[in-house]
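Provided herewith is a single structure, encoded as structure tokens, for subsequent inquiry.
Chain naming follows the written order as A, B, C and D, and within any one chain the residues start at number 1.
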Amino acid sequence: MALFRMPSLGADMEAGTLVEWRIKTGEPVRRGQVVAVVETQKGAIEVECFEEGVVEELLVPLGQKVPVGTPLARIRGAGEEAAAAAPSPAEPAAPLAVTEPTPAAAPSARERGPQLPPASAPAPAAARAIKVTPAARRRALELGVALERVHGTGPEGAITVADVEAAARGAAAELPPGPPVAPARAREAPEKPSPRHGFDPVAMRKAIAAAMSRSKREIPHYYLESTIDLNRALAFVEARNRERPPPARLLPAVLLLKATALALRKTPELNGFWLEGGFRPGPGIHLGWAISLRGGGLVAPAIHDVDRLDLDALMAAMRDLVQRARTGGLRSSELADATFTVTNLGERGAEAVWPVIYPPQVAILGFGRIVKRPWVDEAGGLVVRPLLRVTLAGDHRASDGHLGSRLLAEIDDLLQRPEAL
Amino acid sequence: MRREELERVVADVLAGIAPEADFAAVKGEDDLRDELDLDSMDFLNLVIGLHERLGIDIPEADYPKLFTKNGLLDYLAAKTGQ
Amino acid sequence: MSAKIRLDRARLLDLLRQMIRIRRFEAKCVELYQAQKIRGFLHLYDGEEAVSVGVLAVLRPEDWVVATYREHGQALARGIAMRALMAEMLGKRDGCCRGRGGSMHIFDAKTRFLGGNAIVGGGLPLAVGTALADKMQGRDALTCCFFGEGAVDEGEFHECLNLAELWRLPVLFVCENNLYAMGTPIAIAEAETDIAKKARCYRMPAEAVDGMDVVAVEAAAARAVEHIRSGAGPYFLECRTYRFRAHSMFDAQLYRTKEEVEAWRKRDPIELLARWMSENGLLHPNEREAMEAEIDREIADAVAFAEASPLEPLEELERFVLMDEVPQERLWGEGGAGA
Amino acid sequence: MSTAARTTYRECCRQAIRAALLADPRVFLMGEDVGRYGGCYAVSKGLLEEFGPERIRDTPLSESAFVGAGIGAAIAGMRPIVEIMTVNFSLLALDQILNNAATIPHMSGGQFAVPLVIRMATGGGRQLAAQHSHSLEGWYAHIPGLKILAPATLEDARYMLAPALLDPNPVIIFEHIMLYNMEGELDPSVTSVDIEKAAVRRHGRDVTLVTYGGSLWKTLEAAEALAQEGIEADVIDLRVLRPLDEATILDSVRKTRRAVIVDEGWCSGSLAAEIGMRIAEKAFFDLDAPLRRVCAREVPMPYAAHLEQAALPSSARIIATVRELLGRGG
């Protein structure tokens, strides 16, 4: 028997409101299936389930706001007997204190009388069987991670802090290495999301305020900037697009993301997290791509393993992501597990951006607007070229400017050889 | 294809990209990208949408012709009229 | 100082008074023990008073005293205030060790009283050390070390006699031979029961003296001290004595007969001296009663003081485990040279 | 600026004693064979000639008497340095150390302090077998009233003695026999050390290795090897075995979340057990792995080299333990 819980989709998420079930009692569920939609301060997010089995009971009614970690549904594994109908007394659904019970629910509660859990409620079988270190147990509580679905890699197979954090960032750590998952999943996105899936601008502003304040409070930023000649890169895109119909065309941003990902392979110290006073490398190169939303606000969902995507796959992933971000169809695993963030102001933005690091990441890259400016070419001649100002903000606790400079130089080098991307 | 029909197709495609965009309110010589807050990805999606709905090719070199409402509708009329 | 001591009436009265004071102090202790105000082990000196009183009579303030767990006599004879001693017996904050030592571990820096050592033989190395320090620092002081004949069984006895003589240290070794180490008679513990003879094996001058005769003890101690202060090294004194009471409070005394105890009681050091003084017109009628009444008043005052003294607060429990200064040097000045 | 001179741990111990004798007339050295022989491990060689037999005192083979004499002398105004040849012999003086040195200050209600320093050799590795090779410093670290030091570096060997002599409490300094020949350059920038804090000799994020004395160098060797595998260890040199610098240990464990304690003492009832328990008591919820120990095997130290080496902690055992702790078996 497994419990599907309110997931934590980010360090700043404490609770979520269940707005839609995509499963029904008695239906089978697969690992990775989208089973619910949860409204958060960052908007409605499709939530995946990591259990296989049959839905035995939905434990939380629609519209209820519950803390991270609260069991939302019970799932019976293949071959397991159906359990008693009542939820495990050790794991009661816990509505947030701020949520008033609905008038309709109150009388029935009175009729039933108080229902206290038995004094010595047995622990769920799964909790007894698994080994969890004390620190991992605490971390799981903080992140709202259900320990039953975490794979332990510690001594005697114990679940460690790293295991919990990997699980919190999504299923990536649990899946075998292979083809990237983001584009494939994109096909499951709903065509017409319901209007209530839109973002709450006030809550989003608060979330951005919290994350950015924390960043500026805790992270000693350093900044580096380079101007890159995009003549060859743009010519490459233009020539390629000329032969292709619109759906197969690339945007210059694809080259920028791919170059960034490849450059990060050579500077892994910038790809990861600052946690517990030390640097932890990211499990892959998952680029958070900052997408501004209509009506204000910003999300930075991750594209997984960008360094391993070819340009077409990356372009498809980007298109899909923008589409879903703007319509509120992002998935849980996409919001929590970026290892590095890129912000791209695009063709109508300012010439340069000094971005703010998204904690606990340790660096962020900002691309300004491509502008035509005088440039001295390799031969020493004065020419007009499309130039791009690229700005890196780094966490000085985790790296130094020397390393950051290497990243910028590598990106420049890659963009001069676009055919290699 | 009549200009009203083209205008409806464009509005339809835009609704999938920028649901709140009001294409009808845009004046003829205004830049669509500014009025409707379209970035390059949105613009590409518009081009893709029009390509799929109208079955026309829109080379990248022609993009600047599509920036104003009048320019876009003229271009589409010319393409679909061919 | 001459080895011949002056035995005027005042001096003899003082010896008598000190022995009675010890005897009556301990009698009060027994009473308080049975009233459960004193706990732990309580070893009584009843019968052995002449040893401490006679020996300590010839010491100076700058000399060291190292004693055993049967040390109430030495403590009082050395001049530790009875109030502080009684408060320590009751485990009170105004006790000389703030309630941390109790009956067996009496310490007093002002009189250089270095225990109260409840490990048989354990005090001898300390005495060698204080004497070594005095000698190295050129101080004219000696260390007087008391121990029972049971300590003679211990290796430390032999190590220390050897070392003290080897280094010519100013130590007065005083063996209080009361014939029993707890319940073990010396005859079944020592192959050679002549203890003074053992000391002589370490080339140390040694003599055995009647420990029930305070005058004889004092005279012998005076001879010993003269030898030591001349720089000739340690001296060994065996005082043959007897304890009238049990080893500690809970002792059925299966190891000796009542007849043996009664025979020794006839040689009670207090009665021996008092009788001799009376016979020689040195102790007037009623004088002893007055002396005892005065002592009883002092004891009553000490008990009242001890009863009124507060307990050491629990927050102070771990105090003095580690020290942040060397307090005895503050008392005497750097190097311990002050007197 | 003075230049670093090549020296040995033994020489550092000697220079420390020499400097103490020069600095304070109350200081003297006492022990078996410290004078004419020059010290069992040759630490005091040459000092008799320089300071004379009053201050470099050869003693008879009577540990209890001369250790107790050191206690008495300290109480009476001297600052003795008592040398015991090896920790196994110190058991003959345990009565004096425990029943007198450690207890008199408290038992006297704070009237007497015992400003004494006892030095002794400890540890195995020289095939001296079961009566000269044990590491019993953990026993001494059990005793309230004592301060226990274990210099592992040249600087600590050279500079721990002075603060130990200034301390009003009995201080026992354990010198590991395998360190006496250790050569190196004494850091000229160091002119004093404290006897309160542990030292972090190597910084890492993945595991805390707590050790002291002769085991420090095995532990550092293991840490370097582990670094080749990407495992970065914090290596804490306790330096002071009592009172333990708990803060340094806990800070490190809270960072790395894993701890391995390396201690040449036997495992049962050891200093390693004490440290492990303190971590469990005060940093339980920070732990991301069980606590582990690498201690001497539970046998009297054998003579044959291969048996002795198998009984002692080794860097290989440390490496294997850390690997297992980080889930990198094999």
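Basically, contacts are C-beta pairs under 8 Å (C-beta built on N, C-alpha and C of every residue); 3 or more make two chains touch, one makes a residue touch a chain.
Just so we're clear, the structure is a prediction, and the values are computed from it rather than from any experiment.
Both chain A and chain B are touched by no common chain. Counting only chains that touch, the fewest steps needed to get from chain A to chain C is 2.
In this structure, the chain pairs A-D and C-D differ in their number of contacting C-beta pairs, and the larger number is found at C-D.
Chain centres were defined as the mean of their Cα atoms; on that basis the chain farthest from chain B turns out to be C.
Ranked by how close its C-alpha mean sits to the mean of all protein C-alpha atoms, the top chain is D.
Inter-chain centre distance (chain B to chain C, centres taken as mean C-alpha positions): 114 Å. The distance from the centre of chain B to the centre of chain D, with each centre set as the mean of the Cα atoms, comes to 82 Å. Centroid to centroid, with C-alpha atoms defining each point, chain A and chain D lie 51 Å apart. Annotation: 40 Å between the Cα-based centres of chain C and chain D.
Not a single residue in chain B touches at least two other chains. Looking at chain C, no residue sits in touch with two or more other chains.
Multi-chain contact residues, meaning those touching two or more other chains, do not occur anywhere in chain D. Applying the touch definition to all chain combinations yields A-B, A-D, C-D. Residues of chain D that touch chain C in their complex: 26, 28, 54, 59-60, 62, 64-78, 80, 95-96, 99-100, 104-113, 115, 144-145, 147, 168-169, 243. Residue ranges on chain C touching chain D, taken from their complex, read 64, 95-101, 105, 107-109, 114-117, 119, 122, 124-134, 136-137, 143, 155-156, 159-160, 162-163, 166, 318-329, 332, 334-337.
Residues 205, 255, 257, 284-290, 324-327 of chain D touch chain A in their complex.
Touching chain A in their complex are the following residues of chain B: 17-20, 33-34, 37, 39-42, 44-45, 47-48, 50-52, 57-61. Residues of chain A that touch chain B in their complex: 238, 241-242, 245-247, 249, 251-253, 294-295, 318-319, 322-323, 326-327, 346-348.
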